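The structure appears below as structure tokens.
As written, the chain order gives the labels A, B and C, with residue 1 at the start of each chain.
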Amino acid sequence: MDTLAMGTILDPPEATAAARQFIQVRGARKVYASGDKSVEALSDVSFDVAKGEFVAILGPSGCGKSTLLMMCGGLEAVTAGVITIAGTPMTAPRASVGIMFQDPTLLPWKTVLQNVLFPARIQHLPEMEYRDRAQQLIDMVGLHGFENKRPHELSGGMRQRVAICRALLNDPDFLLMDEPFSALDAITRDEMNEVLLDIWRRYAKTALFVTHSIREAVLLADRVLMMTRRPATVVADIRIPFGRPRDMSVTEAPEFTRLCTQLRGMIERGTGQLDRRPGDGPILQPGRHGGEE
Amino acid sequence: MSAPSLTTAPAGPFTVRLRLPWRRLRPVLLPLLFIAGCLAAWQVVANLNPQSRAVLSAPSDVIGVLNKNLPLLLPHLAATARETVAGFALAAIVGMVLGAALAQWRRVQQALLPHLVLFQIVPKIALAPLFIIWFGVGPESRLLFALFLAFFAIASATTAGLSATRPDALRLCASLTASPWQTFFAVRLPFAIPSIFAGLKMGMTMALIGDIVGEFVSGQEGLGYVVMFAAAGADAALTFAALTLLCALGLTVYGVVVLAEMAAERWYGAPFVSEGFHNRKDK
Amino acid sequence: MTGSRREQLLSIGLPVATAVVLAALWQAAVSLTDIREIMLPAPTAMVAKLNANLPTLLEAALVTGREALAAFALAVVAGFIVAAASSSSQLLRETIYPAIIALQLIPKVALAPLFVVILGIEAEARITFAALLSFFPVLISTASGLSNTDPNAMRLCRSLRASAWQSFWSVRVPFALPHFFYGMRISSTMAVTGVVIAEFISAKQGLGFAILSASAVSKTATVFAAIAVLCALGLGLYGAVAALERLAARWYRG
């Protein structure tokens, strides 16, 4: 299960080119037609994600982060540009990509276990085999004993745990998460972040994680891509200097707070004043914009 | 006989011992008491005022007529029940199939849905005489008219329900590479069940109305015919007896649909309208 | 850009095209086969009949329309008042409401002959019957609207020490308006339906009478023409309610 050692994640040069460019986004653009006008939601977005890397996409609400994520999942078409995963262009959804939405999207008439097994049912996977795996996942996220409950009997955080299990059921190569915890209260959200960190301790998956919480992005990700308002582009690519395994204690480090403050400043200015080359941005120089909190 | 502890409770042997159950029985007993009170008032008015008794009859008279004439009334009850249920069943099949087709193909929906909605609004009841011209005065004509009236409610509710699946549930299916059929049976149909049953309940009511109006117009058999015939002959007790049977029939057939809905909810493991089902689709 | 305009055109064009094609097929079927006009008159024959009988039909429509309007107005006022009363007290609500729901399920249409017996064959009988039919939708949806006020708004009212009367008119009624109008729309159809059924049974004038008497002598084209006028009447009343709803929505959404 622990397929990837930590070194692979944090040390791209040792990986092969294919692993370094597991996800390639090149010049992705999205234009929506509304009425007689067209609205450009994304303009010319390019970045790479290495295999096993956890990348957070951070930006203001409604900036097109979710659109970008849906395009990576093959759920929306790109107007221009190319998105490839493991070398093949993403034109339609794939079974090897797991997705978590903002809403847990559980089917209300199914039990927790049935909801987790839903992908196996749709993809005609051997039920018995996946039953065990589903049970393991359910135990891992701390829902042991709730297998036969229905969604309406669970709290918001518990529902989102079920959604995590469902996304992990068929062991996807790549996980897409669209603000999965934004509807939760702060305490539950911290709990969910711990669950995610725990999962990454066991299975280091490749992940794209959309959020508008700076704290969440810094806590969870290996890299943060900063996006601007519409038409959105990636304005900064910041490497997070904390290793793995990681837990909530990093939030207490002074560096964590400093990083958050600087990212907040960048969002307020609306531009990324950092090195734009993906991969090797040095961490910010503290104090340059010392006037900000 | 006084019940000082329970102001709303009826006086009598009820009071003290049933104090706790009364809380729970209240929602059932209050309406029953209300109806009983109405019937009692009706009886009292009839007893005090013979003139009104001739026009309005009295509950005791109605029970008497029901007792005496039940063998005569039962064939009419059977006729009405048969045509209503058969018309409803056919309307359910045709309506649900067409509703599903409309939900599946957007162009078909664009072409036909406005007409469906229009037919919901216009007074379709006025077509009853046409059905007599087309299909005669026999039971087929009434059955088809019942079908016609019930169809629109069922078809449009089915379409509405199947088209209103939560978009994120559809996105989930797409992300899992589900086929259209899988999506239909795994997500869209279960989500649509409350709406479909709302349509079926409405359709059952409409089928009965259609059959009764058909009986009014064609005047051959059925409880609607009895009501008409008895009213024309100023036989108030018989009119009310037939109306009583019609009410019983109406509640029974409606109850059957409600039971079917409960069975479907059990099958799918209800409850359907759980959190965020309706208020989230605007997202 | 052109895509959405195309969609707009299609959403209007497709239904119209469907109607035109169906009418054309109907016309072709009637002229190519030997269906007797008694069974199915051609659309052109119906239009001709409509033209020829327009004054009589409009006169009948006036009678039916007046009675339907009166019944509708009665039903709306009574429905609103009963809903307001029943939502003001839990005892009343628990007592009356289930009985009303049960009444909603039974076929009230069957009561039509009774109204004729009790109230005679004049307009009052038809208006009362139609009002009874259209009373229930207004009552039920208004009552459910009035009892579903946003609890926070009610808390606000209480914190402002608003009187029951004030919170009823300034909070509960506006919140219930969409439900109220929904009930009104259904009621408008029921009012016309009720008058037509009553006319089937008793009347000597009106569109229901015109339909029934024309069908009795197998003047099918006239039946269709009268139904067309009736549909226009029904749609007119429904449209008026929908327009009123729009106006109210604009007022309360600001």
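Methods note: contacts are C-beta pairs under 8 Å (C-beta built on N, C-alpha and C of every residue); 3 or more make two chains touch, one makes a residue touch a chain.
Remember, predicted model here, so these are calculated numbers, not experimental data.
> By number of C-beta pairs in contact, which two chains lead?
B-C
> If you average the CA coordinates per chain, which chain's centre is most distant from that of chain B?
Centroid comparison gives A as the farthest chain from chain B.
> Could you put a whole-Å number on the gap between the CA centroids of chain A and chain C?
53
> Give, as an integer number of Å, the spacing between the C-alpha centres of chain C and chain B.
Roughly 18 Å, centre to centre.
> What residues in chain C touch two or more of the other chains?
Answer for chain C, listing residues that touch two or more other chains: there are none.
> For chain B, jot down the residues that touch at least 2 other chains.
Not one residue of chain B touches more than one other chain, so the list is empty.
> What does chain B use to touch chain A in their complex?
166, 168-169, 171-178, 182, 186-187, 190, 268-272, 274-277, 280, 283
> Which residues of chain A touch chain B in the complex?
Touch list, chain A to chain B: 70, 73-75, 92-95, 97-99, 101-103, 105, 107-111, 118-119, 121-123, 150-152.
> Which residues of chain B touch chain C in their complex?
Its residues touching chain C are 8, 26-27, 30-31, 33-35, 55-56, 107, 110-115, 118, 120-123, 125-130, 132-134, 205, 208-209, 212-213, 216-217, 223-224, 227-228, 230-232, 234, 236, 239, 242-243, 246-247, 250-251, 254.
> Name, in rising order, each residue of chain C that touches chain B in their complex.
10-11, 14-15, 17-19, 38-39, 91, 94-99, 102, 105-107, 109-114, 116-118, 189, 192-193, 196-197, 200-201, 207-208, 211-212, 215-216, 218, 220, 223-224, 226-227, 230-231, 234-235, 238
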